[in-house]
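Both complexes below contain chain A, partnered by chain B and then by chain C.
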Partner chain A sequence: MQRIVLFLPFSVALLLMVMFGVRLTAPETPPQQQSRMIGKSLPTQSIEQLNEAEPLSASDLKGRYVLLNVFASWCAVCTLEHPNLMALNHPELSLVGVNWKDKKVNANGWLTRHGNPYDTVIWDYDGRWVVELGVTGAPESFLVSPDGTIIYHYAGALTPQLIEHEILSRLP
Partner chain B sequence: MRLPSIFFMLLAFLFSLSSVALTFEPTLDDPAQEAHANALFREIRCMVCTAESIHESKTELAQDMRTLVRTKITEGLSDQAIKDYLVERYGYEILMSPPFVPLTYMLWLGPVLLLLLGITLILLFSRNRRT
Partner chain C sequence: MIATLGNLGLLSALILALIQSYPSPWRPRTLAALTCSSLWLAMLCLIWGYIASDFSIENVFLNSHEAKPLLYKITGSWGNHEGSMLLLNAILGCYGLALACKKAPYQSATTSLFNLIFLGFLGFSFFTSNPFVVLSPPPEVGQGLNPLLQDIGLALHPPILYIGYVGFSIVFASTLIHIYHHHLDQNWARFIKPWVVFSWGFLTLGIGLGSWWAYRELGWGGFWFWDPVENASLLPWLCATALVHSLLVLEKRNHLPQWTALLAILTFTLCLVGIFLVRSGILTSVHSFALDPERGMYFLAFLAIALCGSLGLLVYKSTATSANKTPFKLLSKEGSLLFNNLFLTVLCFTVLLGILYPIIIEVIYATKISVGSGFYNASFNSLSFPLLALLCIAPYLNWKHEKKLSTHLKSLAPTLLLTAIAFSWFWIQEVTLMCLLGLTLGIAVMLSTLTYLWKQTRQFKQFKTQPSSFYRMIIGHFGLGLLAFSISANSAFKQEKDLVFTLGQTHEIGQFNITLTDMHLDTGANYFTRRGIFSVQDRQNQLVTHLLPEVRYYVAEAQNTTESDIYYSLWHNLYIAMGDTEDAIEFAVRIYIQPFINLLWLACLLMTISGIWGIRSKR
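Showing the complex of A and B:
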């Protein structure tokens, strides 16, 4: 009996090492599979636009593939991602910016300096759409199908590889 | 008052102003509702500074979440409904206290089980000594 008791801590430690080893060396889940937003719809509330008088609602974005891109003038990484968005040109894809927590003058200034690839820009000053979309930072992007369902979600800067493999591959 | 004292007091005052670095955040008019909101803030994690709740965090996301929680409180949603709304979008990690669900049974019960195991071992050892 004493022998079993002596071996117990070692067996438990060994079991834990095996468990940790298996989990730590397992292939990482791709980001879009980790997102809880896949399959969800866009927020239902209408929201102000940066440079248009009328508010925008999710129904305005239906009928075509939309890449929603959360950006801000205070977001340093967004300047790194931006050239990739400027280069993105697909006839089936509409680019919609979600400007987060920016004064309009700062947002427009930033777009003038770095270029404006967006068909339209949402002005989400108090994060109404941002929190509804489960966003944790900028830049963050969502690919939305023509029926308004989120089919891809990436937190971070979109690289040319990501655009190629995750976004363009999902377009017709 | 001597000049250095005035200087340091001014410096301290200026430093304290940095606490208003975030944009102005409107609070609820009803103090009871605002107190309720603050209590709920402490139960929700900031997803940017994950060791802090949205009560302490000074990030933009925390501020927006506080605004959202306040709005939902005025809309009459219960605390549980508000938490469910956030968990749906951010996962269980958004709660400061993990829920007691199948995924977290080992997290909650693990320490208890280990304690029981330890007590069992101690009892077994002491019983062996006596024989």
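Showing the complex of A and C:
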């Protein structure tokens, strides 16, 4: 083979190693606990709602604190978290459910059986909206400030302690 | 006490590898045997720590619990980063011993380079990921093992995968020595072929096992999610497949030495890249071990030296080769295998791009993106179709120059006819275009392989005349066609229903009537479970089977898992996974009918067999 052709994989490899090195030694490497989504905005594209005809977009959620909660009828741990969400009642906080990879009939059935704590429920059947949030499972929750920035992210079931210390403490 | 012994074993292996890095003919077999045994001693110490629930060993404390069943105590020893690295090193030790026992060209140089690589892995284990760190005073209770890992599929998957990965280190070492000596020729090809094929076979089995576990355990009825860790194992597999075929050209016709060397280097370094991506914390995935960047830097340095060093050497020594000077025509076996190399390499880099793209974007633009299955389905699947089509005709072609293409096409006529019939039939079924292509090409590959078998053994009369490599090719290619077929068929025809059952209620799905006859609570070794008994009947109301899916709560780990239950019949699986219940009156259940999924596992097995069986035969 021509030397030039062989030089190509070598240079690509070198570039790749440099890139990995930069990525690993990045000064703002976040500590294990903090999510990479802090400071990011919600996805911009509009998304269907579970029981309303008009789609919702991120701008509709601005103007108040929003707790976005990713849940599904197939998610066993969500039932553990659910009573804590039902008990959550703060005048400055709006609870928005994101129903993920779920059939509407199942989601509605689940909400009927367990109670509906949400002011609004988004329906993301194929997951394309939540993929932007880096969601890897349910339940996951995001606290969003009135200007649309994510200020807290937790992957897992919210306990009363977490709600007290991480969410309520960030509200006015 | 065991921790000290284990640590000593690891340390002695490190020193022995250091000694063997210096090329010398002094008792290579003894040294290799000592290295291998000290690592297995260390591994056994760790396993013993798990069996005895010795929580003074930090690794055991973090990953085990007294109540765990014995099998999962043992397999849990490699279900974490430190333990699995130790296992990897132990397997490397076995390969080192095998190398010392075989007659290899440039034996002492290859051994010393192999031991340098070994040293890199051992250093990583000993200095950054030592499983024998001791806790004092020892805790009373262990933290338990993720219940998802407490499964037989996942117990087997790492060791088998490592046997695959690690074998390529020998290929790598041998390749570099031969590049250095300008000796990329038929002898070299003959030497490394069994190592490549053996490792490839185990890699195939390892990936298949991981898929099978995901299918059974995750409750989604899926078997491949294009997760970065899954992709990290696919990369060396694609390269290794290309390597096997490139070696064929080099061995038989002394062509493509540079391609073969490049593929050999890439296969091993992609194994390293995979290990790096999964363990450095640079990627988040449901699979990845959560680690700190410091270990990542060590491994990155190791990877960079191996990758850039070897590619640099290839560039530097590229001009002088002993290759065959007579060119071959593109329409020939060499030509088709060259295309094969190209396709597989492009497929490999497509997957690599998908894995790395989020990292690249994050470094340059500081934004976070995800690459999902949409990308892979569009690119990977589309690229694999021309490759499958090529596979139908490639075995028939002559070396150097194919002049009788029309004769071969004539013998393929029945294949083409049957494929066209299949195509029309599936088209009428209104499957998607991607499934349609996958189905028909899968069938085409299987049929053309069988036709080739028929032709070469003179209508199946002369089975014994062919070398075992011929049969391995037939089995391997047939397996690949079956894989394409079963993946597409499953995707096209699977049915999924989310249903709510009350006790005694029957639902209809596919050709089955399913009744929930009982739901009760029970306890297992280290979990509580809610188990449903579903009676499955066919349309004639004959009982087919009972399925007992569970939802388990593992106490120590405070985690729920879904244990699906699957009815395996030849052509399909009936798969039941239970969801939640609020009132213990209505139960959410997800039922899948998965046609042809068993063929998928069979295809993986066939390809594994083609790699491993007959490895000792000279032909």
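As a convention for this text, the second predicted complex is superposed on the first by the 139 of 172 C-alpha atoms of A that agree within 3 Å, B and C clash if a C-alpha of one lies under 4 Å from a C-alpha of the other, contacts with A are read in each partner's own complex, and residues count from 1 in each chain.
As a working rule, contacts are C-beta pairs under 8 Å (C-beta built on N, C-alpha and C of every residue); 3 or more make two chains touch, one makes a residue touch a chain.
Quantities reported herein were computed from a predicted structural model and do not represent experimental measurements.
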| item | value |
| --- | --- |
| Touched partner set for A:100, first chain B, second chain C, both or neither | first |
| Chain A residues touched - chain C or chain B, whichever exceeds | C |
| Partner chain(s) touched by A:13 [first = chain B, second = chain C, both, neither] | second |
| Which of chain B and chain C A:134 touches, first, second, both or neither | both |
| On chain A, the residue positions that both chain B and chain C contact, one per complex | 1-2, 36-37, 127, 131-132, 134, 136-137 |
| List of chain A residues in touch with chain B within their complex | 1-2, 5, 8, 36-37, 100-101, 126-128, 130-137 |
| Residues of chain C that touch chain A when the two form their complex | 258-259, 262, 266, 269, 276, 280-282, 284-286, 290, 293, 296-297, 300, 303-304, 307-308, 311-312, 314-315, 318-319, 356, 359-360, 362-363, 368, 370, 372, 498, 500, 551, 560, 562, 579-580, 582-583, 586, 588, 590 |
| Residues of chain A defined as touching chain C within the complex | 1-3, 6-7, 9-10, 13-14, 16-17, 19-26, 29, 32, 36-37, 40, 73-77, 79, 103, 105-106, 109-110, 113-114, 127, 131-132, 134, 136-137 |
| Residues on chain B engaged by chain A in the complex (per definition of touch) | 23, 47-48, 60-61, 63-65, 67-68, 88-91, 121, 124-125, 128 |
